[in-house]
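The two complexes that follow have subunit A in common; it is paired with subunit B in the first and with subunit C in the second.
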Partner chain A sequence: MRTTARVVVPIVLVVALSLLLEGHNLPGGGFIAGVLTTTAFALLYLAFGLDFLERGVLGREVESGKAPSRDRVVVAYRRLFAAGLAIAVGSALVPLFFGVPFLSQTYVVLEGVPIYGHVELASAVVFDLGVYCVVVGGLLTILSAVGAE
Partner chain B sequence: MTASSDPAVLLVAIDAALVVVGALCVLCSYRVIRGPTVADRVVALDAIATNVVAIAVLFALRTDRGLFVTISLVLAIIGFIATVAVAKFVDRGEVIQ
Partner chain C sequence: MTTVVIAPMLVVLVTAVLTLLFGSYPRLRTGLALAGTAGYALAVALLAWTVVLAPGAPGIATYQVGGHPAPFGITLVADGLSAFMLAMVATVGLASAIFSTRYVHNIGYDRRTFYNPLFHVLLLGVTGAFLTGDLFNLFVWFEVMLMASYVFVAYYGGPQHTRAAFRYVALNLVASAVFLLAVGGLYATTGTLNMADLAQRLADPAAYGIDPVPVVGLFGLLLSVFALKAGLVPFQFWIPSAYRAAPPPITALLAGATKKVGIYAIIRLSFTVFAGADVPISLSVPGTDLGIAGASPLAFVGPVLFAMAAASIVVGGVGAIGRPSIEGVFAYSSIGQVGFIALPVALAAAATSEQFRRLAVLAALVYALNHALAKALLFLAAGAVRSATGTIAFDDLGGLAERAPALSIAVFVGSLALVGMPPLSGFFGKFLVFEAAIRAEAGGALVVLLAGSLLTIAYATRVWNRGFWGAPSTAVTDARMDRVQVAAVVALAAGVLAVGIGFDPVYEFAEVAAEAALDAEGYAEAVDPGGEAA
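Then we have the complex of A and B:
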């Protein structure tokens, strides 16, 4: 199971990233990218246990036992939730300064970018990023709180 | 090779495959409802998830819209995680330890 998780988690994260980046003109977007990222983290939790992120990835010393050891990661998830909400609302408020309605979106087409050549830079990506952070933060908070019980 | 690239043959094959996979979903749902053990139900649900992925891919081929391939990818990932979680729950008794 751990071997499978080592292979699958990066693939799931790449799929989530591609869905996040292409979400403004193809199916995809912030919500499903957030759900897939949470799925990757859920697979990590399933395979390696609830302390793996703190102890194995971040290298922090945590005491074993369920309630106190996951506190700082959960605080980080909550902060991600709040930051995502701020990004989404902020990006929705920006069009008001240009005299267009709330949540209006636009895009810029960049030509001559190396490797890609033709890139559409859409303002909806910022809103999608906010939604992504909200979904990841909220779902991971729920997951680690429920998983510790 | 001309027969395999014939659109009429391909459409008939895709329609037949859709009917077969739909019938498989119904048969698997019988096993989900009547399954004597939990493992039977889990395997049947996993088979239904795989069938839905197959339906999405066949529908993408049928309607020539690539977005359903993305849908099938996401469904496959979520079905995989669900199966792993249920298998660990049946095996160990708790999902996240």
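Then we have the complex of A and C:
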């Protein structure tokens, strides 16, 4: 289980990242990337236990028996959720200042970028990033709150 | 672009996010929530004024979210009907938000922090449902509204709240599935979900090469979903437990706003979308002469909705009489009152003359406004009594009139508005509903309406006798009423009175709304799904 998790988690995270970045014009997007990221975290939780993130990765001391929703990691998840919502709504509001409808999107194509050559920068990525944060934050909050009970 | 159309939604959306971001600062959060709701009311007022009420106003305005043209993008449409509904919700929402400021501080951390964001998400869902011009988008807004209300029904987390929430969630998930099924079926049948496009295609199915017959059944499915949201019999059974479980300011919003979404959806889809549909119907009960025949799906809406409304009036009224608590009475009462709203809609659906149909829809709208104001008032009052005395059971109450005169007068006004006394808003609501029934020469409707009114008098009297008159009980003597809570209730009572006394502008607004509901052509023209004008 732990060996599998060590191998699989990085792969899952990279795939999630690629889904997030190309989601605006290929299959993928913020939602599915967020779900995939959450599964990577779920795998970690299953293999190493609920406190692994804080104790093993961040090197913090964990008080056991604390209310799960006030746990530091969970507080961080909730912040991520709120920040994601703010990013998504903020990115949807920006077009209004340019006199175009709510949620309008645009893109810029950059030519001659080293290595990549042709790069398309889409404003939809910002919205997707917000969705991604909401999904990751929300699902992980649920996962750790329910998991701790 | 007419940003004013989307403004109410943006205001509540931004408020929800801000209150979530600043959740750990109670004062800031409460201030933001209040300012956001006031801003919402302003945005709604601006929308109603510029689009509908101002001299020379266009009467209808559309907004294409993301700039994608109809029928492909999501269209938001603000017309008289939407504006009327929004104005009603904004009034109730504002009172409920003021009440909430004094209700949230004494509950646990998590509940306190998430109360305001969820409150505004609930408002957002309601607003979206009123503004959208797309059937699938309507489904989405229903879900937004439901998600927030699920949390609120389970809010206190006790056994009875969990039970109520479980029932509520299970029922609404089934309803959502049915809704989605109907939406999918409509798309498969007609090839569009934009309401204006749908209306145009159904009016002339041959030109678009579609076979519209399945639409009748699919519309039946939609009707049952909306009846469930509105709490009409036989889908009323989730209401009493859910209304008792939710916090009182939310119950006020559920009764005053989300219920009306069901009614709104019935009116909008029946008259704006399906009224012009060219689908001959002929159904009959095998072996008898009983049957329904007509030229559009409206033919079956009339009788079916009539039966539901009549049953709601009776079930709600009879159920309300025996309840042991204030909130219980009002929860059952709102089943009956929605029957009063749905009955004229049923008469309108069965009507043949355009003029009568407008009168009946107008009656339903005025009654809906009255019910929203009066019932929100009464639920807030029940909440104020609960926070002051710790109980709402009749056995522990009595003599509130002596201890809390201002609140009692407000409740008195609210009860009389339910009963339908002049010069309150309820009088005109009842008057118009009766007028519609008389003009339709529907004897059965009159009998039901009279019986319902008598039942209303009976349970309103009982609330007054058991809760407010008599010698103060121990719980009442020790009570300390919260001034802000009482002020919110009194403000709504003033609203009920103001609507009754200055009824003329309200009537005109409702008339514009009823016209807008019936004006399928104007709706389709404004949305312009074919893109001819563009």
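Convention: the second predicted complex is superposed on the first by the 141 of 149 C-alpha atoms of A that agree within 3 Å, B and C clash if a C-alpha of one lies under 4 Å from a C-alpha of the other, contacts with A are read in each partner's own complex, and residues count from 1 in each chain.
As a convention for this text, a residue touches a chain if its C-beta (ideal position, glycine included) is under 8 Å from a C-beta of that chain, and two chains touch if they have at least 3 such contacts.
Fair warning: this is a prediction, and the values are worked out from it, not measured in the lab.
Superposition model on subunit A: subunit B and subunit C are shown accommodated side by side without a clash. Chain centres taken from Cα atoms put the angle at subunit A, between subunit B and subunit C, at 90 degrees to the nearest 10. In the superposition on chain A, no contact is made by A:Val131 with either subunit B or subunit C. If you count the residues of subunit A touched by subunit B and by subunit C, you find the higher number for B. With both structures placed on the common chain, the touch criterion links A:Leu20 to neither subunit B nor subunit C.
When the shared chain is aligned, subunit C comes close enough to touch A:Leu103, but subunit B does not. After superposing the two complexes on chain A, the shortest C-alpha to C-alpha distance between subunit B and subunit C comes to 23 Å. Only residues 1, 3, 6, 10, 13-14, 17, 20-21, 23, 63-67, 109-110 of subunit C touch subunit A when the two sit together in their complex. In the complex of the two chains, the subunit A residues touching subunit C come out as 69-70, 82-83, 85-86, 89, 93, 96, 99-105.
On the side of subunit A, the complex with subunit B involves touching residues 1, 8, 12, 15, 19, 26-28, 32, 35-36, 39, 42-43, 45-46, 49-50, 143, 147-148. Considering their complex, residues 67, 70-71, 73-74, 77-78, 80-81, 84-85, 88, 95-97 of subunit B touch subunit A.
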